Amino acid sequence: MQNKKKIINDPVYGFIGIPSNLVFDLISHPWLGRLRNIRQLGLTHLVYPGAVHTRFHHALGTLHLSNLAIETLRSKEIPISEEEADGLRAALLLHDIGHGPFSHSLENVLVKGSHEHITQIIMEKLNHEFGGRLQTAIEIFNNTYPKNYLHQLVSGQLDLDRLDYLNRDSFYTGVSEGVVSFDRIIKMLNVKEQELVLEEKALYSIEKFLIARRLMYWQVYLHKTVIASEQLLLKIVERARQRIQLGDKIFASPSLLIFLEKIYTTVELSENESLLEAFLNLDDTDLWTSIKVWTYSEDKVLSDLSKALVNRNLYRIELQKEEFAKIQIQEYKELILQKEGVLEENLGYYLFQGRTRNLTYNQNLENINLQKKNGDILPFLELSDFFNSTEIANPIEKHFLCRFRF
Amino acid sequence: MQNKKKIINDPVYGFIGIPSNLVFDLISHPWLGRLRNIRQLGLTHLVYPGAVHTRFHHALGTLHLSNLAIETLRSKEIPISEEEADGLRAALLLHDIGHGPFSHSLENVLVKGSHEHITQIIMEKLNHEFGGRLQTAIEIFNNTYPKNYLHQLVSGQLDLDRLDYLNRDSFYTGVSEGVVSFDRIIKMLNVKEQELVLEEKALYSIEKFLIARRLMYWQVYLHKTVIASEQLLLKIVERARQRIQLGDKIFASPSLLIFLEKIYTTVELSENESLLEAFLNLDDTDLWTSIKVWTYSEDKVLSDLSKALVNRNLYRIELQKEEFAKIQIQEYKELILQKEGVLEENLGYYLFQGRTRNLTYNQNLENINLQKKNGDILPFLELSDFFNSTEIANPIEKHFLCRFRF
Amino acid sequence: MQNKKKIINDPVYGFIGIPSNLVFDLISHPWLGRLRNIRQLGLTHLVYPGAVHTRFHHALGTLHLSNLAIETLRSKEIPISEEEADGLRAALLLHDIGHGPFSHSLENVLVKGSHEHITQIIMEKLNHEFGGRLQTAIEIFNNTYPKNYLHQLVSGQLDLDRLDYLNRDSFYTGVSEGVVSFDRIIKMLNVKEQELVLEEKALYSIEKFLIARRLMYWQVYLHKTVIASEQLLLKIVERARQRIQLGDKIFASPSLLIFLEKIYTTVELSENESLLEAFLNLDDTDLWTSIKVWTYSEDKVLSDLSKALVNRNLYRIELQKEEFAKIQIQEYKELILQKEGVLEENLGYYLFQGRTRNLTYNQNLENINLQKKNGDILPFLELSDFFNSTEIANPIEKHFLCRFRF
Amino acid sequence: MQNKKKIINDPVYGFIGIPSNLVFDLISHPWLGRLRNIRQLGLTHLVYPGAVHTRFHHALGTLHLSNLAIETLRSKEIPISEEEADGLRAALLLHDIGHGPFSHSLENVLVKGSHEHITQIIMEKLNHEFGGRLQTAIEIFNNTYPKNYLHQLVSGQLDLDRLDYLNRDSFYTGVSEGVVSFDRIIKMLNVKEQELVLEEKALYSIEKFLIARRLMYWQVYLHKTVIASEQLLLKIVERARQRIQLGDKIFASPSLLIFLEKIYTTVELSENESLLEAFLNLDDTDLWTSIKVWTYSEDKVLSDLSKALVNRNLYRIELQKEEFAKIQIQEYKELILQKEGVLEENLGYYLFQGRTRNLTYNQNLENINLQKKNGDILPFLELSDFFNSTEIANPIEKHFLCRFRF
């Protein structure tokens, strides 16, 4: 029999252990392997060239953190059965399996619906294939498992998903300021009445975690050049679909073509086996290969946009708190319409505005609970001198304006 | 005017400075940008999931090391003009531009000839486009520039290319033992009669560099699973070409199709503008996208092999110093021919042997020269108690045998 | 002639360069060398065993950061002459030369006055010895040099002293959360009208710097066990002096004895050459050696306290925001007086309270100025959504109560 | 009851766990605490300013590695009882407890005999105090415990002591090339017939370990300036003793005085309780404090040497493979005798030669055993293409010549 207890090298954590057969079988499954070609941060590598790490690697990272968390909680005499442990690990390994090409950039665009919903659909299929071995993982993921804290480790204010992605993204972008003391935070975890709590002395670590997250948002996730490249990608997909609907023959891999020809919903995905299979064929490479071909398109818009992306000649972008003045937009419009071959009907591909929101702060930070030495539980916000609920409750919204660079 | 002096975040070195307009313009050029989608280590990420770094990033890394080397040498009063400095930087930035999809894995396969030759062809074209600004870079690269040491920094026993790739590959694979003290080695560089030398006290650092390189070879570059996956890729390309020649219609991006339909030489590449353009359209994504489509091929061989790669069901591989016994191979043959649908004429796709060589050691290590405090130059091998020329002069060759996993 | 351009290995920064003869001569001077035996964090190593780094090493660290800052500012075309550069470097190298044994722990105790004043006295003496070569350094240190920003780099809200000590202290304690992106912050430095400013995009880095500092205060500098050990040291010195005044013969090195027999002021230090020489003989070892001998003292108090420190049997300490209740103190008192041999007159050595203040926040953070792309200068607090002037303006004061462990 | 399961921050490993009451009690014991003031590398910090780490910290480091090794071996189903585990941990924690001031520099000088012998004496005393709880630790240390591999982890070719000190010394000196992949090597440990073996794939890691060790020897442990400072320290102690025997009154702490007045053997130490107590009072600070006082000695030799050390005006040192020519020494002699106040009888303090040996390689490297996948055991040297037994069997000896700098 094959020895399935292995060790995987990881630049971030050193070594990641594979603690069980279930984990080994999941990591070997092609559906998880697909994430090897989906970059964690979409097009962010156009700004931070190191940021080419994949969703597959992130999934392994969360596995590692789950091993640490299980060890810590068990050492504090929280009983976790091997089945629950495997459920937690599987839930984390699979939590992003519903992502499509370029991760968040095309979420809700290639398929109508969230990647979490697609994850649920895929987990159910996998569970069938695995003869029910994923039942606990699914309950933990869906938050129907009685021990709440297991779900909170997968998805919560300070979950293992976030700990890994903040750490991993800051590692690979080289924005070292985003690094989070995952080991310290995990060592402070505890459970009270089935809810996740942290020891009181984790207070300053949490403050630092929140500040690191904030920094990563503005410096990486919402970096204006990153937004510009994502918008370009969106416009390219939009245009390709438009041309297809108008009857153009457009190069694409067969699976990609399916999702360009029609916009499906996650519900359709769950009901149509071959559609799901097509989705599970897709990764970043289908789009990139196609966009390179589209640079030769006879459609000026599609070719303009595709060239802009391939040649990294991204939109000029402005970001500001207020809406952009109509008069300014009008000026830009006129300039663009003077360019040769630009039709008024296609102006929206060359000039447009939008909004972006930093959703980090409108979530209820009170959900992070700290436990004092005497056992009392207090919400983080009551203990921190620094973080003020009113301020952090407001999501920060910015308007952006993109202009094509001719 | 645009400010072209920028700083790029790099997980390996912290920050990489862009010191000149020429460097900025090269980094912005689509031909260099193409390397963003060519992974430095081909399919090695199937073994080391972190090894997804790109040739583009490696090019930036060598740029950084060249900045350090220039600074060190100038501080030792070796006169290097700004033009020579830019020549060195450009030669390093461009040294791998001739690589095609999956780097070394498909070298000499997609196009007949070495990637260095293709690099020379592309550098000439670029020089034309850049109005001669790359003349010095080309001379340095081709070793026709009078100051030998500049070429030695690009390509030699201890060049900046190697320093970066050993460092970067060990960083991204997580095989931390391959890390090299690039900063210490660079600080020890000097020039004597236009030849690169190192201060004598670099002796132990060089020993460690050589041991690190040796370790990386056996642990990463010639890892048996890596060889198995590369062989699979080669067989897939071979089969696809065979089917096309037999008249099958096969899905591929237009540019890839060109190189599948016929095997061109580097000379043809240099003489045929549109052929070169097609080559410069290619990256890893064309092949991966196509291979995923080929998993549905009606040709059993192509579909078998493609599925094996996409599902990471790689060849079983054995490695040994001696050739494999005929009787053993015969046994395997018979087993395979019992599998349904395997024709004898296609056996070579399911079972084959080959050789791999660790070429690290047959190069003349005496070429690393050390300078004693009194100015005398001695070859490394005379100074090291440890490294013995006879042993390290023998390249290590291993035979491998690959069997398809049904 | 001796080559004074050297390189020093440093675990924190890799290599520290010695850029000038003046710097070399200062580093070689015994008065700076004395700091090799003064630990940066006093007795903190009793809690964080790695925290044994010295003031000498910190001085070298600030030298390194000054090299980086000079390079950055010059690259932004701020003219800094070689003499000014050397002045800045010397001011930083010498900024802590006035520290005595155990750094801050015994500040204002062994000698009446601040370590900064003693630094000024020593700098003047050194300047005399160096034939005036330290004139610029002294002016920069004293803030009489016209270019304000040079002083601000030595002593300000975000000076190089702080950047190094936060970084170095977090490195050596292993409290990795205190690490600060010194390189990024330094790269953002600029000068406007002779005042130090930072580029606007440094905003998040500054927030992180402030949070890291806050974390270091609570987790290291004001760690309750650290306070307990410092208080013990203070009480030991107090008791030794008391016994000497009462006529006891007490073991101590001759130089230490001088400062135990009488409390001198910094003014006396500046006027009395041999007194200054005695001070410059002192380091941590004089005290530790003596305290070990005092464990055998016939004076019960001195021997009790000395044993407690040497055996790391530190005071029990409680920390709280409010003053301690009289009734609680009374209870403790009675318990202690029951211990054999404890006289009421000596109770203050066994039980006492005090206050500690985190002075980090009562300094005017508005002094950190950011420069927008259009050149406008705005104080940090106006730009940050997160930091709120009213909250951070309040110093946080805590009361502590120490009880001897019998 | 006190919770003795704690976590200690460590810059090298992150966190070190205290897994048992025995370990907690040992770490809290003053005799181990004494190592907090004994620097691991004696005077090496005069060359590498970061190298101020202590024997105490090294002891904790070996504890951490023992935790990792126990975990690995148990996961490979080597049965290790909790008592054996604690025995191993205690043996490692205490293995250096017999070191005196400045570690190896004064070994066999302050007391006649090896530090290992003193360790054994102290372990026996401690065992008595601990009511026999150290019995297993003592047997493991003395290699009388039946399971050989436990002793080999404490003292062998690739023991945890070496793994920690190479790692820690390279970390603190900043000579990053000495870093060893302790985690990888430990994960490869196994046991066969009660002997320690490593998995075959550890081959390259061992090669790298040996090269790293070699590098540390030449770059740190036998660095010529380090030798010069150690020789100075030795001569100072020698002179102080000589003066005391001649009847001079010399300042020293009482405990130090005992060992200056007479040279005791380790046997005397074991038989004389109060002598052992005096020894256990000593650390680096006694010597440093005294040497500083001796700079004022009326004895010119003692004062010359002491000033040289305190002011870091170390011997000029030459190192070579051959003995030094008599004629050259004669020349130096004459020069020195011309210096004012130097008497011929004291010449040996100002000029002398000696030998130093790199003992790393004369130990039998065949003792590192590797286990092939089929279970066969082979000595390292048979498997490595690189390491050649004849070469590494020869210890490398160098002659040094020290001259006082007037």
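When the chains are written out, they are named A, B, C and D in that same order, and each has its own residue count from 1.
The rule is short, and it goes like this: contacts are C-beta pairs under 8 Å (C-beta built on N, C-alpha and C of every residue); 3 or more make two chains touch, one makes a residue touch a chain.
Just so it is clear, the model here is predicted, and its values are computed rather than measured.
Undergrad: By mean C-alpha position, what chain is farthest away from subunit A?
TA: Farthest from subunit A by mean C-alpha position: D.
Undergrad: With contacts defined as at the top, give the pair, B-D or B-C, that has more of them.
TA: Comparing B-D with B-C, the pair joined by more C-beta contacts is B-D.
Undergrad: If you average the CA atoms of subunit A and of subunit B, how far apart do the two points sit, in angstrom?
TA: Once rounded, the distance between the two centres reads 31 Å.
Undergrad: Taking each chain's centre as the mean of its CA atoms, how far is subunit B from subunit D in angstrom?
TA: Taking the average C-alpha coordinate of subunit B and of subunit D, the gap between them is 44 Å.
Undergrad: Approximately how many whole Å separate the CA-defined centres of subunit B and subunit C?
TA: Comparing mean C-alpha positions, subunit C is 51 Å from subunit B.
Undergrad: What residues in subunit C touch two or more of the other chains?
TA: In subunit C, 14-15, 176 touch at least two other chains.
Undergrad: Show which residues of subunit D lie in contact with subunit C when the two form their complex.
TA: For this pair, the touching residues of subunit D are 8-12, 14-15, 28, 30, 33, 36-37, 45-46, 48-50, 52-54, 56-57, 60, 171-176, 251, 253-255, 281, 283-286, 288-290, 292-293, 296, 310-312.
Undergrad: Going by the contact rule at the top, pick out the subunit D residues touching subunit A in the complex.
TA: Against subunit A, the touching part of subunit D is residues 7, 14-15, 183-184, 187.
Undergrad: What residues of subunit C sit close enough to touch subunit A in their complex?
TA: Residues 176-177, 179, 181, 184, 204-205, 207-208, 211-212, 214-215, 218-219, 385-386, 388, 391-392, 396.
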